[in-house]
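Okay, got some structures for you below.
Below, chain A partners chain B and then partners chain C, in two separate complexes.
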Partner chain A sequence: MQPAGTEIASRTSAVINEFVGLEGPLLPILHGLQEEFGFVPDESLPVIAKALNISNAEVHGVVTFYHDYRRHPAGRHVLKVCQAEACQSMGSDAVAARIKQLLGIGFHETTKDGSVTLEPIYCLGLCACAPAAMLDGEVIGRLDDDKLEEIAAEVRL
Partner chain B sequence: MGLIHEIDYGTPASTAEKMVTLTVDGFDVSVPEGTSIMRASMEAGIAIPKLCATDMVDAFGSCRLCLVEIEGRAGTPSSCTTPVAPGMVVHTQTGRLKQLRKGVMELYISDHPLDCLTCAANGDCELQDMAGAVGLRDVRYGYDGDNHVFPKSRNALSESTANARWMPKDESNPYFTYDPSKCIVCSRCVRACEEVQGTFALTIEGRGFESRVSPGMHQPFLESECVSCGACVQACPTATLTEKSVIEIGQPEHSKVTTCAYCGVGCSFKAEMRGDELVRMVPWKDGKANRGHSCVKGRFAYGYATHKERILNPMIRETIDQPWREVSWEEAYKHVANEFRRIQYQYGKGSIGGITSSRCTNEETYLIQKLVRAGFGNNNVDTCARVCHSPTGYGLGQAFGTSAGTQDFDSVEHSDVMVVIGANPSAAHPVFASRMKKRIRKGAKLIVLDPRVTETVDSVHAKADYHLPLKPGTNVAVVTSMAHVIVTEGLFNEQFIRERCEWDEFQDYAEFVSEARNSPEEVEKLSGVPAELIRGAARLYATGGNGAIYYGLGVTEHSQGSTTVMAIANLAMLTGNIGRKGVGVNPLRGQNNVQGSCDMGSFPHELPGYRHISGDATREIYESLWGVKLDNEPGLRIPNMLDAAVEGTFKGIYIQGEDILQSDPDTKHVSAGLAAMECVVVQDLFLNETANYAHVFLPGSTFLEKDGTFTNAERRINRVRKVMSPKNGYADWEITQNLAQTMGLDWNYTHPSEIMDEIAKTTPSFANVSYDYLEKMGSVQWPCNDKAPEGTPIMHMDGFVRGKGKFIRTEYVATDEKTGPRFPLLLTTGRILSQYNVGAQTRRTANVMWHDEDRLEIHPHDAEQRGIRDGDWVKLASRAGETTLRALITDRVAPGVIYTTFHHPDTQANVITTDYSDWATNCPEYKVTAVQVSPSNGPSEWQREYDELSKRSRRIEGHLEAAE
Partner chain C sequence: MSVTIYVPCDSGALALGAEKVAKAIESEIAARGIDARIVRNGSRGLYWLEPMVEVETADGRVAYGPVAANDVASLFDAGLVSGGSHRLSLGKTEDIPFLAKQTRLTFARVGITDPLSLDDYKSHGGLRGLEKAVAAAPADIVKTVTDSGLRGRGGAGFPTGIKWNTVLQAVADRKYILCNADEGDSGTFADRMIMEGDPFVLIEGMAIAGIATGATKGFVYIRSEYPHAIATMTRAVEIARKRGVLGVNVLGSPNAFDIEIRSGAGAYVCGEETSLMNSLEGKRGVVRAKPPLPAIQGLFGKPTVINNVISLASVPIIMDRGAEFYRDFGMGRSRGTIPIQIAGNVKHGGLFEAAFGLSLGEIVDDIGGGTATGRPVKAVQVGGPLGAYFPRKLFDTPFDYEAFAAKDGLVGHAGIVVFDDTADMLKQARFAMEFCAIESCGKCTPCRIGSTRGVETIDKIAAGIEPEKNLALVTDLCNTMKFGSLCALGGFTPYPVMSSINHFPDDFKPAATAVAAE
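And then the complex of A and B:
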């Protein structure tokens, strides 16, 4: 049987159609889905497999390999705090501890009100301004307590 | 005897011709260019430690155990991924390597349970072997840290908290288990599924320490895309993937190579035994048909051999409404002999006959036809090939001069374009399908002619480039139309035709196909295939390089089956695609020995080796050997026997291992014919449907219980070897011989090899075949005689067997089976992967977990019109009869076409099929029946009556319950 003609399936198909012509279209499609849904829905995987004539297992293998592909909806904001070497040397451990405390959640968690998801990231290419973070795609350098409080307040709005 | 040990060279063989010489640990070794150091070293007899490498899949280089040092090169490269170079000096064991390997093994073992003594793989575990090989004595890391081994944390501080990384065993597959706690993530299973089987059902999910083998999308095996071919189990170096039979029984201690008794691929297996108990069937790497691969049937579905419903004692009854009475073998033979002689005395010599089985060995079918010709004194012998590939015999015989496929299976590795017509290898010939797909993944093109979107049309990574979804019954029109394109666009191979075929006949044929009515545009109107697809497919086949045609029963089981076979032969001759590797015309034979049963003279008009019964010289050979006079008139075919029975002139039949009631068309006619006979003798493993009408039942033996040979679709004569004694007491050839002796024939074979000697002595194409020769060669493809002492992998190399290839006009004549207002839909039938034919064997195994009933596939549009929902019971009616089954709504079938399988007797799909048949050979038209489908609440009247009859006729005196 064809995957059921649900809303997710049809939106998935639309994203697939956008990228299917590219060489090696799987990663762009997955990025597109994450853009579309905020995460990669399980239901989309067999639709992609069918469209690309690959197996469900292969799509699953690729999706699970990359941490960046989200399997569940994230909070309204996503805060990624760099934990790579340069940031570590500039105190990112303390930054992480502080922001966890401010938000009341750990890494890979979302606040109960769904306002923000906190994640570690390994290098934003912003080592010169370490410790660094990224909020909803915007990078923020030279984090300190003030900036962290500002961020915590902003995402709670 | 002992266990057959196959050397694992670690990486696949290189096919290069240039040889390279290197030194491994001081020994010179020469190997083909492109060989890995690992393989070269193994050829020199030096086994480099390894875990992720095995010669069924390409090198991967992940386990880091096979490291070597090469003089003049830095570092310690992995020997599996490093190709040999001339003059290379390799050291496989140095102080540095020892340290590295020990370190690697320590890491592996730090995340692996140490329960070797109670582990199912004990004695057959490569991890265990490698721990021994590297001298592992100690694991420094302990088990307190993160691991996948224990369900609960072992850390003293967090005692008894659940270990989130641990996963329970997956026992969903009926034949093997997946125990993630024993997995070393070597990816051998994933690669075997991809490279060997081509299903891509497994993957590694996650990354780093999180990496796990995942069937499908983290699903249980049974719910994933897995087709249970067993390649992953074979590839697994640990107990992670293990046959349940090994878990239950233990490791085997001896084995024999034998041949699978399911489809016409004829895979070679090692039957691995403990005592007389079969532990497992493992595909044999040296098997030339399967090259070490298998499918769910041959690998796992052998449990029927010991099924409780198997009948082990001969039985007799006077009339078919009586219960069966168990008797001694002597009484059974006497009864049959007396009855057959009485019937012949009363109704004439021609009033009895026999049917040979395509499931039995060559030797056994040979004996049946010998019994009929020499003992019954007539030629009333036929075989189930009548209802499957008889048009192949006729059509290819006319065009090329032999009734068999032209290639060996290895040929597919040289094909550039494959045309699959009316066949679904992915389901019916799965091991060959895997070999095809492997070639397609390397760039070969695929054209499929099939009314349905079969698994072959849309397999992952091997999608058909052209799918021509033709209306059932229009094969001749479409294939002829492809020839139209090739001729009118000048794509034919003139040089080949001039050299190898009759030029005059070609000109006549060219004139015929060039007519406008054969153009794709005209044919589109009746076949429903867009003209552009026909043109594209024809151009691709004619110009794409080596073109090979594979076809199945979707070609033959039509009123114009023989014509389509000739049309296919024409296509191959037109394009010069015959007589070398990678090309040819290849019927995919349905049953394990259908080729052999035809070769052995099972047809009423032919003696062994396809020699007509009217030929005095041929008859003379047998007459002098057997000491009898043979009838020079062809006898009755199966449908004629049944017609004659209904008319009252045919009264007795000896049926060896064939269930004609379930497998032959127009069930009601078959049952009427059988019911009209006075002595029906059925020799089978089970009380099959035909046995409901039998008076004598002779219990047969399985392929595991006898010696013999099967001949597969590539004409390969493979040995069948006895691995256990017959549970019924006798091999089938012994039963036939005993019956013949009781009838007064002087037969004294003491071993099947003597029967083969007689076949070789009397049949030119088998002249050099003997058991000793087969032992030496492994297998041979006929013709095997002084002209071709090593057999004939590819036929018609230098010229056609008949001399010049014959082009024959292939006029399309629509079948008389037409849709109309009463029966507006076309029914076509087929098979499914997990079940085999009438299901007598596979229904008695755990394969029913994949397919426990026949379903009717119907397009959503047709279903909606009739108010049918998925899973509803529906009535399926044709002018021949009606049955009921549950609907499966799918767009794999086109609107107007419906499809079902015929594996289950309660469905009786052949109640529906009609008595139309091939004009030349009487092969029934199973593939086209005009039908109507309507909602229903339950079984039809026929199904209820038949069910009642089955129950009644399976009663055995002294047994409380019916046998099925």
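And then the complex of A and C:
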């Protein structure tokens, strides 16, 4: 359930206060909001615009430019599967197909039970232990069918 | 006597189970009542052997790998603590051929020391460059870096000293040192290894850059895909501040310099320097037209040194050992060493630091040991998603900025991705265009629209629709992108596309695609 409007505004202000003293505070604020809410709520944007004295359009432009910022809550787990060249050379296409099949969802989708969101990612710097993925910030290398099944079982718990 | 056991905390090792191995070792130590301590070091860069556990013995360090958690009990049974023999024994670490053949200057300490121990750093030669810098005139530091021949290791290969000199000459109330740690190229992980394995060398390099150019503030912009690097750098900066390496009096000198760590937000284009500056300022990561050069009008409009992690991390040893020492390595106009990252479908993947000049064939066949699948090598992509695909017939190309440019390729950030003969080069060319379309910042037309049209046109070739006409169209489109784009994203995407077309024409023929589609 999403928090009520006024609660979002006050929690947004608290995050802004933490970072507003930095040079170029907008990205740190957005990271902070994502940490706080799990996504960047629409109601936060005018609060940021006012605090930084920039337009709503500018804030919207920044939020939508970067792949990291979510506009909606993700699943309880987030699985990012690398699809860049080094992983391609080690069969990341097959890895993606297998995990989509195991979870019953495609990229940029969340399972109906809200357990996991699946996303492509372009390089985790694990190119010498490809194919690679990241589950909730934990890195996993040399993916094979066993590891994928293990991941699929773990995220469903 | 207490025994020291090393278990890497590098992301690559963690991805292969190093955390479980460390826990298992910890419980064996406790259960057996052994007087031993575990140090979480960086990775030596031999990723096919990770997690690689090392033990300090009277003869030096001895290695075992790849170690799984369920190997740990048998390792202790075999006398791990005294370097006992086991089926995972690799002998003395320094004697492993992959390591013994390297020239480790920038990576001298990575995998050896505890990344967050400043005392370890100092006892392995750390801070000697900065000590010399605080006693030197800024112009002399810049001269040393210029004379060393160091060129930007991010990919562009611009002489670092010349960039620094422009910032030194610029007059402003505030200047910045900006470290580009947005290492987004697939096949590269050298920046990550430095930040996770020897963060103080980057801090030292940035502090030297600050003193040399009159900048007092530094930023490290690290991609968000590297959470471990962000965490290690953040802790290292705190330690450096506490110990007086950073702050109002760097090493007790009148020079002030401090560093802040910033996280990217998942945009590949932010590895482009002007886009990175916009991002750090809190804007969309859109590329800026040059001029003005960042060295004159960079971050927040102030003169800014923007350098890659490896460029900055190479500065301390140059200051410590002198310009001649560094310049004596290498070939032609490519001086010093380059950390080559061998990745993808390769038997011995990892980091290999060597003087410029090795041939591509030596790197792939001799050092890398060929493919992991055991099939023949078909193509090697050098320099990330914007780098050319090299066929075997170009394997005599020496690793050197100019030699690669002469073959219509680029050294880039020195990542090498190996593909076996199952690779479909039309698919790889299509991916290059698709990736450019996903990541384009949208500022210039050739990149924004050209990449999408490129995907569509390659799809037509794959479908057998007027293949010759469409191949000519892709070639023409690549020409427009190469010469009409504002930055390297649109400008270099033609490298993987055209090299695929030129070196692997069979993959673009209708018959081949028809067979592949069956």
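In the analysis below, the second predicted complex is superposed on the first by the 152 of 157 C-alpha atoms of A that agree within 3 Å, B and C clash if a C-alpha of one lies under 4 Å from a C-alpha of the other, contacts with A are read in each partner's own complex, and residues count from 1 in each chain.
Quick note on the criterion: a residue touches a chain if its C-beta (ideal position, glycine included) is under 8 Å from a C-beta of that chain, and two chains touch if they have at least 3 such contacts.
Quantities reported herein were computed from a predicted structural model and do not represent experimental measurements.
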Partner chain in contact with A:G24 - chain B first, chain C second, else both or neither: second
First (chain B), second (chain C), both or neither touched by A:N53: first
Chain B versus chain C as contact partner of A:L157, first or second or both or neither: neither
Comparison of chain B and chain C by chain A residues contacted: C
Contacts of A:L45 with chain B and chain C, given as first, second, both or neither: first
First, second, both or neither for A:L124, with chain B first and chain C second: second
Contacts on chain A seen with chain B and repeated with chain C across the two complexes: 58, 61, 65
Partner chain B, residues of chain A touching it in the complex: 1-2, 42, 45-46, 49, 53-61, 64-65
Residue ranges of chain B in contact with chain A within the complex: 199-207, 214-218, 224-225, 458, 460-461, 463, 889-891
Of chain C, residues touching chain A in the complex: 11-12, 14-16, 47-48, 50, 183-189, 191-192, 224-228, 260, 262-268, 279-286, 300, 341-346, 349-351, 372, 381, 384-385, 415, 417-420, 423, 428, 431, 435, 438-439, 441
Chain C partner contacts - residues on chain A that touch it in the complex: 22-28, 30-31, 52, 58, 61-62, 65-69, 84-90, 121-130, 132, 134, 137-142
